[in-house]
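Here chain A shows up in two complexes: once beside chain B, once beside chain C.
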Partner chain A sequence: MTVLILTGEEDVTADMVVVHLNASSVPVVRLDPADLTAGVALSGEYVHGSFRGHLSAGGRLVSVNGLRSVWVRRPGVPASRAAQSSAWLTEEASQALYGMLRGCAARWMNHPDAARRARHKPWQLRLAQRSGLPVPATLITTFPQAAREFAERFPDLVVKPVSGAHPQEPPRAVPTSRVAPDTDFGAVAYGPTLLQRRVAKRADIRLTVVGDTLLAARKATPADADPDEVDVRFATSDMPWLPTEVPPRVAAAVRTYLREAELVYGAFDFAEDADGTWWFLECNQSGQFGFIEVETGQPIARTIAEWLARPTPEDRDHVKGRRTVAP
Partner chain B sequence: MQPFALNYARPAVECKATTPYVYDSGLQLNVTTDGRIAASDHALLRELGTTTSTAGSKTHFDD
Partner chain C sequence: MTVLILTGEEDVTADMVVVHLNASSVPVVRLDPADLTAGVALSGEYVHGSFRGHLSAGGRLVSVNGLRSVWVRRPGVPASRAAQSSAWLTEEASQALYGMLRGCAARWMNHPDAARRARHKPWQLRLAQRSGLPVPATLITTFPQAAREFAERFPDLVVKPVSGAHPQEPPRAVPTSRVAPDTDFGAVAYGPTLLQRRVAKRADIRLTVVGDTLLAARKATPADADPDEVDVRFATSDMPWLPTEVPPRVAAAVRTYLREAELVYGAFDFAEDADGTWWFLECNQSGQFGFIEVETGQPIARTIAEWLARPTPEDRDHVKGRRTVAP
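Let's turn to the complex of A and B:
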């Protein structure tokens, strides 16, 4: 049984997992849906009440029914590198590939339906609340007056994109940024705006969850840190990421979150305040983990590989001699 | 008429540096010019920052 990894060639973070799968002699097929019809091929037939499908990439051929797991890591847009790429071809390729894969018995990290839903940050905030995680007071609005009133109640605010996406024409980044007290909120009318109470943090927390395994890392905020430097991705701090324990209450809430979200992988970001409370900021269902593993030595890649390599129910039936269908 | 959040936008940092490894479709891994597996070289990964959480990705949401 094979592990299918959907990601780009340049994804060296995926390599970290492939190394462990290779060491365990677990068959792997890695492909980028962007290469469909230009290096990646597929075929599936539905005949006499059964399905047989195959994928081919890099000289490897794998049966769709022979997949034990699918890791949707960083796949490109289907068929976007085809000779005659088009929006229509992308939709055709997407339906063909993901439609076939959805019909197989493989386990997903993460299932595309769950992943799509989990990208909605407003949904994340509500689920975090329901799961028992502390969430900073947040407003998402297009009403300037609502923003003004929120700023009166919570004078120390940050703003960040609702979607987490960044504008591309021209390419720009929108870091989480502190909002000055005398800010004019008139432009809130021109786009949904996410305002959130700033957490005076003493550390950033990245909690990576793989199945039942929780691996937390902590990056302390320097005592002389600029309070306007809110976004850890843009911070100039040299403080290292270090392994840290997960408070039991947080661990229980995070497990509830992932169960409700139907995710098996999640990278949670928290801000730790002076009282030691972990405030939920977001959960990225395909969050990066390589930089944490490199700095902390935590075995995230190995844990992912072990999850992907776990036998499917079909495998277990096979071991028990109950298998009736050829692989 | 610009949305409020874009008042806080900054130019995306374009990564122009070329990575000192290439994908080997036989191994399904990126390999350095001297034949080593890039993912096993944590010093290299740390130096390049290719596994780091960033903002401004063209193809993916915040990670």
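Let's turn to the complex of A and C:
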């Protein structure tokens, strides 16, 4: 049973996981959907009530029914590197590849449907609330008056994009910014705006969850930090990321969140306040983990490799007289 | 409790359903996401562990928590009619609107995730097989050799797009076509190709399913029909669509299909062969039904209206001493 990794050619984070898979002799096929019809080929046959499918990449042929797991890392746009690429060919290639893979029994990290849903920030906030995670008061609105009233109730606010996307090309991350006290909010009418109570933080928390494993890292906020430096990704602090314990209540809530979200991988961002409360900011279902692993030494790549390599029920049937995993 | 209909302004099929909803005095809000920030506004507040959201369209304000059901008919691209439309604004507006709606308890026809998954034809074929529906032998491939071998085993083939999309602008439907006996299949290498055994049909079947209600229509194939006229949408036949009974085995399989697909509306296309077997061709989760209703008189619009209007558990709590729906 093979592990399928969907990602681009240059992906050192995927490389980190492949090293562990190779070390445990688990067969791996790595494939970029962008290479479909030029380097990557597929075939699936539906005859007499059953399905037989194959993928070919880099000269290797793998059976779709023989896939143990699929890791959707950073796949390219299907067929985008084909000789005659077009929106139509992309649609055809996407439907063919993912349509075939969706029908197989492999475990997904993460399933495309769950991944897509999980990107909706309003949905994240609601699920975090329901899972028992503290969520800073948040407003998403196109009503200037609603924004003004919210700013009266919560005078210390930050603003961030609803989608996380950047309005300019090439796309890059938009820093979360502090809202000036005299902001007018009239422009809110032209596009949904996300306003959130600023958490006066003493640390940033990155909690990486892989299956049942929780690995938390903490980056303390310097005592003399500029309160306008809201976004850890753009902060000038040279405090290190250090491993930290996950409070049991947070651990339980995070497990609930991921179960409801049908995700097996999630990178949670929290802001820790002066009372030690972890405030939910977001959960990125495809969040990077390389920088955390490098700084903290936490075995994230190995844990992902172990999850992907976990024996299937079929494998276990072949192991006589011995269970390799819990039922 | 309000019914929310997401669709464009000109949608006579939606009009047919609204007539029935109005007749039963169920509140309806109709909204095109394309009008976001220009005519349509939204606001959602996440404070103290709870959510309060509102949508405004055509001067009407509706509470998101007060939605009974959401009918995703033919919604426009979010914010595409805004004064300063852009891919970024579309992404922001889409995440804000659908992110909020995804968090509410309303019933969906159909849920966006289920709808998206259901468009994958390879996935449809596999699910149809598993649900016990007869599926004509099908191959989806980029291997010319696989296509050649398939054509040897099944000499009478049709070809259709994997995605149903058309390579040219403006998009239109691509007719399913018969494959000529001397086809070379070399071009298969440049794009996934769907080949399917042609069913020698004596009728086309359109089975429209709304919740638990199955409404089947049958259009007989004229005895002198040209066998190259494979696609009923493009056929010149003037045979009428007539209501027909659903064989019990098909009914059970179709219910299994929709339950597994998490769809509450589906328009199935079958080809009926000389033995009376219904061969599964596809299930369109947003298939048109107006033409069938007009020709057969089947009450599809009314059935949709009834499903959308069905009381929620909350409504039922307010009905004293009397149950309006089965538990």
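Operating definition for what follows: the second predicted complex is superposed on the first by the 311 of 327 C-alpha atoms of A that agree within 3 Å, B and C clash if a C-alpha of one lies under 4 Å from a C-alpha of the other, contacts with A are read in each partner's own complex, and residues count from 1 in each chain.
FYI, a residue touches a chain if its C-beta (ideal position, glycine included) is under 8 Å from a C-beta of that chain, and two chains touch if they have at least 3 such contacts.
What you see is a predicted model; the values in this text were computed from it and never measured.
After overlaying the two complexes on the shared chain, residue contacts for A:37 are found with chain C alone; chain B is out of touch. By the touch criterion defined above, A:231 reaches chain B but does not reach chain C.
Of the two partner chains placed around the shared chain by superposition, neither chain B nor chain C is touched by A:198.
When both complexes are overlaid on chain A, the residue A:267 reaches chain B alone and has no touch with chain C. Using the contact criterion defined above for the overlaid structures, shared-chain residue A:73 touches neither chain B nor chain C, since it reaches no partner.
Look at A:107: by the touch rule set out above, it reaches neither chain B nor chain C.
Shared-chain residue A:218: touches no atom of chain B or chain C. Once the two complexes are overlaid on the shared chain, A:302 sits clear of chain B and of chain C alike. After overlaying the two complexes on the shared chain, residue contacts for A:119 are found with chain B and with chain C alike.
Overlaid on A, the two complexes show chain B and chain C touching the same residues of chain A, namely 119, 161-163, 165-167, 190-192.
Listing the residues of chain A that touch chain B in their complex gives 9-10, 12-13, 15-16, 18-19, 28-30, 58-59, 74, 76-77, 119, 147, 159-168, 170-175, 177, 185, 187-188, 190-194, 206, 231, 233-234, 267, 282, 284, 286-291, 293-295, 301. Residues 1-14, 19, 21, 23, 25-26, 28-30, 37-40, 42, 45-46, 49-63 of chain B are the ones that touch chain A when the two sit in their complex.
On chain C, the positions that touch chain A within their shared complex are 36-37, 41-51, 56, 79, 82-84, 86, 88-89, 91-100, 102-103, 113, 116-117, 119-127, 129, 135, 137-143, 146, 150, 161-163, 165-167, 189-192.
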